[in-house]
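Labels run A, B, C and D following the written order; every chain starts at residue 1.
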Amino acid sequence: MAGEHTGADGPVRMSSWHEECGVFGIYAPGQDVARLAYYGLFALQHRGQESAGIAVANGRHIAVHKGMGLVAEVFNRDNLRALHGDVAIGHVRYSTTGASSLVNAQPLVFRYLRGMVAIAHNGNLTNASELRRELGASGSIFQSSTDSEIIVNLIARHSQEPVEAALLHCQEELRGAYSLVVMTEEQLIGVRDPHGVRPLCLGRMDGAWILASESCALDTLGADFVRDLEPGEIVIIDSRGVRSLQGPRVAHRAHCIFEYVYFARPDSILDGETVNLVRRELGRNLAREYRVAADAVIPVPDSGIAAAAGYAEVAGLPFVEGLMKNRYVGRTFIQPTQEMRDLGVRLKLNPIKPILKDKRVIIIDDSLVRGTTSRRIVAMLRQAGVREVHLLVASPPVLHPCYYGIDTSARGELIAARYPLEDIRRHVDADSLHYLSLEGLFRSVQRGMEDFCAACFTGSYPIPIPSPEEATKYSLEG
Amino acid sequence: MAGEHTGADGPVRMSSWHEECGVFGIYAPGQDVARLAYYGLFALQHRGQESAGIAVANGRHIAVHKGMGLVAEVFNRDNLRALHGDVAIGHVRYSTTGASSLVNAQPLVFRYLRGMVAIAHNGNLTNASELRRELGASGSIFQSSTDSEIIVNLIARHSQEPVEAALLHCQEELRGAYSLVVMTEEQLIGVRDPHGVRPLCLGRMDGAWILASESCALDTLGADFVRDLEPGEIVIIDSRGVRSLQGPRVAHRAHCIFEYVYFARPDSILDGETVNLVRRELGRNLAREYRVAADAVIPVPDSGIAAAAGYAEVAGLPFVEGLMKNRYVGRTFIQPTQEMRDLGVRLKLNPIKPILKDKRVIIIDDSLVRGTTSRRIVAMLRQAGVREVHLLVASPPVLHPCYYGIDTSARGELIAARYPLEDIRRHVDADSLHYLSLEGLFRSVQRGMEDFCAACFTGSYPIPIPSPEEATKYSLEG
Amino acid sequence: MAGEHTGADGPVRMSSWHEECGVFGIYAPGQDVARLAYYGLFALQHRGQESAGIAVANGRHIAVHKGMGLVAEVFNRDNLRALHGDVAIGHVRYSTTGASSLVNAQPLVFRYLRGMVAIAHNGNLTNASELRRELGASGSIFQSSTDSEIIVNLIARHSQEPVEAALLHCQEELRGAYSLVVMTEEQLIGVRDPHGVRPLCLGRMDGAWILASESCALDTLGADFVRDLEPGEIVIIDSRGVRSLQGPRVAHRAHCIFEYVYFARPDSILDGETVNLVRRELGRNLAREYRVAADAVIPVPDSGIAAAAGYAEVAGLPFVEGLMKNRYVGRTFIQPTQEMRDLGVRLKLNPIKPILKDKRVIIIDDSLVRGTTSRRIVAMLRQAGVREVHLLVASPPVLHPCYYGIDTSARGELIAARYPLEDIRRHVDADSLHYLSLEGLFRSVQRGMEDFCAACFTGSYPIPIPSPEEATKYSLEG
Amino acid sequence: MAGEHTGADGPVRMSSWHEECGVFGIYAPGQDVARLAYYGLFALQHRGQESAGIAVANGRHIAVHKGMGLVAEVFNRDNLRALHGDVAIGHVRYSTTGASSLVNAQPLVFRYLRGMVAIAHNGNLTNASELRRELGASGSIFQSSTDSEIIVNLIARHSQEPVEAALLHCQEELRGAYSLVVMTEEQLIGVRDPHGVRPLCLGRMDGAWILASESCALDTLGADFVRDLEPGEIVIIDSRGVRSLQGPRVAHRAHCIFEYVYFARPDSILDGETVNLVRRELGRNLAREYRVAADAVIPVPDSGIAAAAGYAEVAGLPFVEGLMKNRYVGRTFIQPTQEMRDLGVRLKLNPIKPILKDKRVIIIDDSLVRGTTSRRIVAMLRQAGVREVHLLVASPPVLHPCYYGIDTSARGELIAARYPLEDIRRHVDADSLHYLSLEGLFRSVQRGMEDFCAACFTGSYPIPIPSPEEATKYSLEG
């Protein structure tokens, strides 16, 4: 998969999978909350590069700045300085082409009967169409295609109650995956869905409380990790301190396993599991399940590095950087024409020929979705003169689409859902192809498998999914 | 007033009065409606320089591009090209500092139960706070501080009816001044309030129907003027042609007289009156009412030119360009520091000394609101060595604030409302100061005075105005 | 001509004539010289809108910032703030398409044997090719196509002498028109060519000395006009005060008459003549020479206004603004397609129909070069329903190209050089066409005609002009 | 060193060492040479991120576009499309703060007696001051502070000869390190200095010849590597094909060893040595020289990865990614305030605590210059709870500054030049500190040590270096 998606490790855009968003919130009266949110979002940049936004509350009013692009592109000294207050929330977003526009950038700021509110959302509602239809029938209007605007309208429908009570009501009406940071003129609120699909944690530093999608944002600020939010939990932070409400929660958690396999930053600890350790363990278990005689273990950079190092360690083979990645590909980069590609222009990955020539190599990738990149990498290695190339995937075959906030392609594009292993091997032109088993996957985490959502591998969806018609019917992109 | 406001004639920003907006709509299947809307808005640029936007409908969807700045700054070939369809509406906006941000830029595009709608609004609702409160109480949320968002929510509350019927209902609920262009996925609709305060006209060109705030937009496109919309009229343009609904209308029209005095472009014809001819007539009537021995008649550029030419003609005095205006002051211009101003840095107007030295001059301005600029101009002329300076104002004293879409300062800043004539003369340091009479004003237009709103001069408001508390209570700027 | 050139009065780009540049210099230890230069250049913006630049010397070093576009576009608070020192020079430039690029923007800053020097130039050398060839033969290199770089190389060839002595030598070698501001690490120097073709004046304000192309830049800063530089004069300003060297000067001055007719700002006083008064007098003399029965005198805005007012005064006819100019056309404006033009899209000028219909009108323009615009204006007026249109030109026919810094089209494009009057009248489709006589032109200025260069009207060139081959042979544009 | 310099692997800016530039040239009549140069420079981006430029020759003329920033920031579709021709050269530049401005961006384009020439330079002249003085004495002027402008002036002094002959003469006058790509209106020329300090290679693809600083640029374009240029060689490419002149060359080559240790991209092959293999071998030799009991080998990303993998392989220890690098830090990123840093804001590197806690770790860095970063990394690891931290450096101590194009700090800042090993160990607070030996360094390359410049490690300079006064006396930065 590597080389064409946006993982934790680089600015390269993916084409098939991605995490929708990263969220961040900070309550720190007297501090430069906008600047701290800027650094927090910077640490979460791998979760979304399409747009970024920060909203700040000063007790009476909420101001916001949003824009298309990376955090460092959207914000400058002037617009950051204009955001002063005691509380801030922020958001980074990746979206599919259709809906990629400023109107969908978050946080969303609105005024309702009780005052101003800002909201930032990570995840995906599975009953969005239904809710939009119900709200529309009673006069709601929608200016974006985001789930956040649905949530905001639901909050407003409960405007007779304080916002935290309204959020408890919302939790009953919302279905799907959502980690929210919400801000009133003076409060910071975190909300996690009853299954705890998307991550959300609480941190603390001198005089400040922080909410973030991943713990790496806490590290970046020098803050201490306090705990992950419980599934269904609502945390309210204001001048009275921190308090917690427990909303509906289900018997079994359903933490997204793909966060560990690919999306989250290796240095984050999510719901008790260190991402880098999980990935390394995936590689080690892969080595326990499958060995092949080879001269070198080569990671697909960057997402395959930890697994490749784990594989190399267990297999006793040398770990070798055989593929070089150019890290300067950015948002405004002019892609080569097809003709240039045909002539061999190749920007992101370059095989290091003297390392590869006449060698038997094992290539380790974190996952395999459509097979396009794998095919390209194998071809590249063969051109560089390898003798044998064995493609090992540090996760099981992806057989089912995700409805909880990871934008997979339609089922038709999931190569493993359509073709038997041998056909895929032939397609990518590897000498051998091997996936990690489901058991190997679950052995790599410490928590029991019943606590994860692994629907993309197993097809067992913990939350009801929309019917196909629903999924496309009522969206602003229409 | 000249030199510090944004009139029809130049890019200089005013500080005290301004027209809120200009609106434009075009129905022209098969033509480049976005580009035509661009030129239409360009002709209306004097009605608002803070933001600009164009929305385009293609039968299934509405796309929009908006930005801060002039039409020529907001749009480029790329973003214009991305807007293709059969119908377009556009908007230019000037706003007070507080609310000046992209979120308030128009057109506003939203999806409600019946599909997508875009709206652009010129004018000001006097019951905005009341409507916002009512809508908020039943769950509406507001993402901007514009009146347009109120109208949009009202339309959505009538989503059981087609949009034109909903607009008829809205007309009953809305109070104040509004000229609207509304667009569904396939229709262009124009709406004028029951008093016809703000202008709105209909034009036609080969295969196209056009709605515009002023007829100069039709001239710019080479279109023919068809007629002004009637007060209370709703015009619907679609594949079936043009049809009209007559909503509520009042006994007497109330066309804003200040459009003629200052705001509209001299080459526009609004509700039957040619702006340049009205202004020239204001100057002629001023000459009939008041003469003073002088060597030259000097206009305050640009808004005083027509009146000065009319005065000079009747008085038999030479019309002389004695004040030179620098036209390059733009949005990003760095203003001089106070220290530099004190040392004499003077950017916008320069007196031509050899013309003025030892002369008795008459200065003609279109109106006098706060007196600050007049005082500065007189001082400038005295420094240039004039013997006598007579300040003649081609409209009556402004005594009352406007609630219908012209952002006057609070009543306290209207100098004529606070001080007697002689005090003002002394304040601006003129040898004499004379205003046109109310009679002179009404003699300058052809339509009878009962057909105009001249509340800023007379205090007689044709539409109920909000109480002071209402005016500030419920705005998103908080 | 109006409507398609860049005169003193507006941001519209001309297509056929233009002044090459405006120059500015300020010596003001302890003051914010960069900001003052910014305002000075802003006042000279009409002399060039293609690029702008400011260089600042602080006694040890010279820093510079240049860019494409208007002064207000090129500079912002950050880049202005970075320029601190005691002396500054600035430049605005208009150039023909071919050579329009940043590399040609001025001031030019260079280091030679004696230290750093910056230079800004207004005018045109007639022996540029010859000098470039000579310098090239002995090893000089050229990085731009500007005359300034030639001058700089000449200065460096005299590096054994102080810069003012070198400039005296340069004056002997340079042929053509040049007003220069030169800056060393601690001196400000002004140089005017022996004929005094291009203007350059000296001003003073508290603790500061100023050099500027036009006196309007002094007015803008609140500085006092001291005097124009003499032809051939070199003025040196430094910590020892102001001193003057008299270089070669010729028997007769040759001030460019076209500065008064069209280029300079109306409020400037150049070599003793107030531009606005000259223009008004051109109109008065035109009325004395030629009368026609008419209902109104209408200026082509903005450059025809003063002459039209003078004509109206003498002829006893009403001065009427019958053509409205849209002032928002800027650098980035997207021009209409030819198809749109054919359909009537018309952006810059709009006739006010009710003023024109069935009237006999006199149109006054400052000059007539190619006839294209005049033809368009007459057509526009006829469409608006005028009964008769009489085109009166407030200067004589332009028969000869300029080699001294005004980029006229080749001789072939000067319509008066190719066709008899009656053919031109028929071409522009006016009922009558009349030019001011040469005598009328000279009667409009106070200084005697022998003190002006009027070669464009008379063909009598005061300075030898290059042969046609020379003119194109050795330019960097190649 | 990692984390604060710009190596081959990431966009982070270094503070103490850097390579001055990367150069690229392509001769490909009929192809889109500007776009190909764009991709070529993109592959060389690690050699300079401050400015980028491309010049294109079309047989008659040379056009150029340059700007500050990354290749992807400087170029867009419009400015690339404007560059059409048959030959192109390009340049990326990193410069010290003082001289960082557009005027110093390359390629430099100039016209001299024989026509137009463009030039791009990588390296550093050691007799620049002397040459500038000599040229200045005979009238040369300098508009930049680049060595390239000196070379250009030298070429012009030999304008009686064709450019390749002039370059042969220049080689006799120039002293120092230089790899040049030169372009006339129809030729592409490569020049390497007599010692071959900086790399330059020749490649070929269908119908095209390419010159590039590193072979990775050839790989990116899908071109074949032909050979490295010989020291002192001049290669001329034009319609007659490729020919070669051999200029002066010295007995021993002096290829910069630091290119392999740190600067060049791991996938490049320079003068016969594959960078990644050299680095891995440095790590292996380090393991052969020095072992310490530890639980993990952790690279300082990214420049320490290859050496760490090599060390781990030989030492039989697990290779672990224990430090996570955020790759999104870009040019416009707003750095944290000192106060925020003190509070723990830490953007670039994050230790993965669960991996480090209570472990004995070996940290591998490519080199150690000032010690600042190493100290910070060790502190970070200690905070993360490591039991022991051993810092191993995969190159010898840097004891001497570089004068050949790598901008080292002054000698005073080279920590190894000032303090004994034990003091440095205490300063960086490591449990042990070990450098690779000089022998280990030379054993890691295949070519003999007499063919490298390792002056930074040995102090033995192959080319005379300037006296300290010379080094600062005559620069445009003054």
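Here is the rule we go by: contacts are C-beta pairs under 8 Å (C-beta built on N, C-alpha and C of every residue); 3 or more make two chains touch, one makes a residue touch a chain.
By chain, UniProt protein names: A, B, C, D = Amidophosphoribosyltransferase.
Note that the structure is predicted; figures quoted are calculated from it, not measured.
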Maximum centroid distance from subunit B, chain identifier (CA atoms): D
Centroid distance [mean C-alpha coordinates] between subunit C and subunit B, Å: 36
Subunit C and subunit D: spacing of chain centres that average the CA atoms, whole Å: 48
Mean-CA-position distance for subunit C and subunit A (Å): 60
Shared interface positions of subunit A, touching two or more other chains: none
Graph class of chain-chain contacts, one of line, ring, star, complete, other: ring
Subunit C-touching residues of subunit B, taken from the complex the two chains share: 9-11, 32, 35-36, 38-39, 42-43, 45-46, 70-73, 75-77, 80, 205-206, 216, 219-223, 265-267, 269, 274, 276-277, 280, 305-306, 309, 312-313, 318-321, 324, 326-330, 332-334, 336-337, 340, 343-347, 350-355
Contact set on subunit B toward subunit A in their complex: 60-61, 64, 103, 108-113, 115-116, 136-143, 152-153, 156-157, 159, 476-478
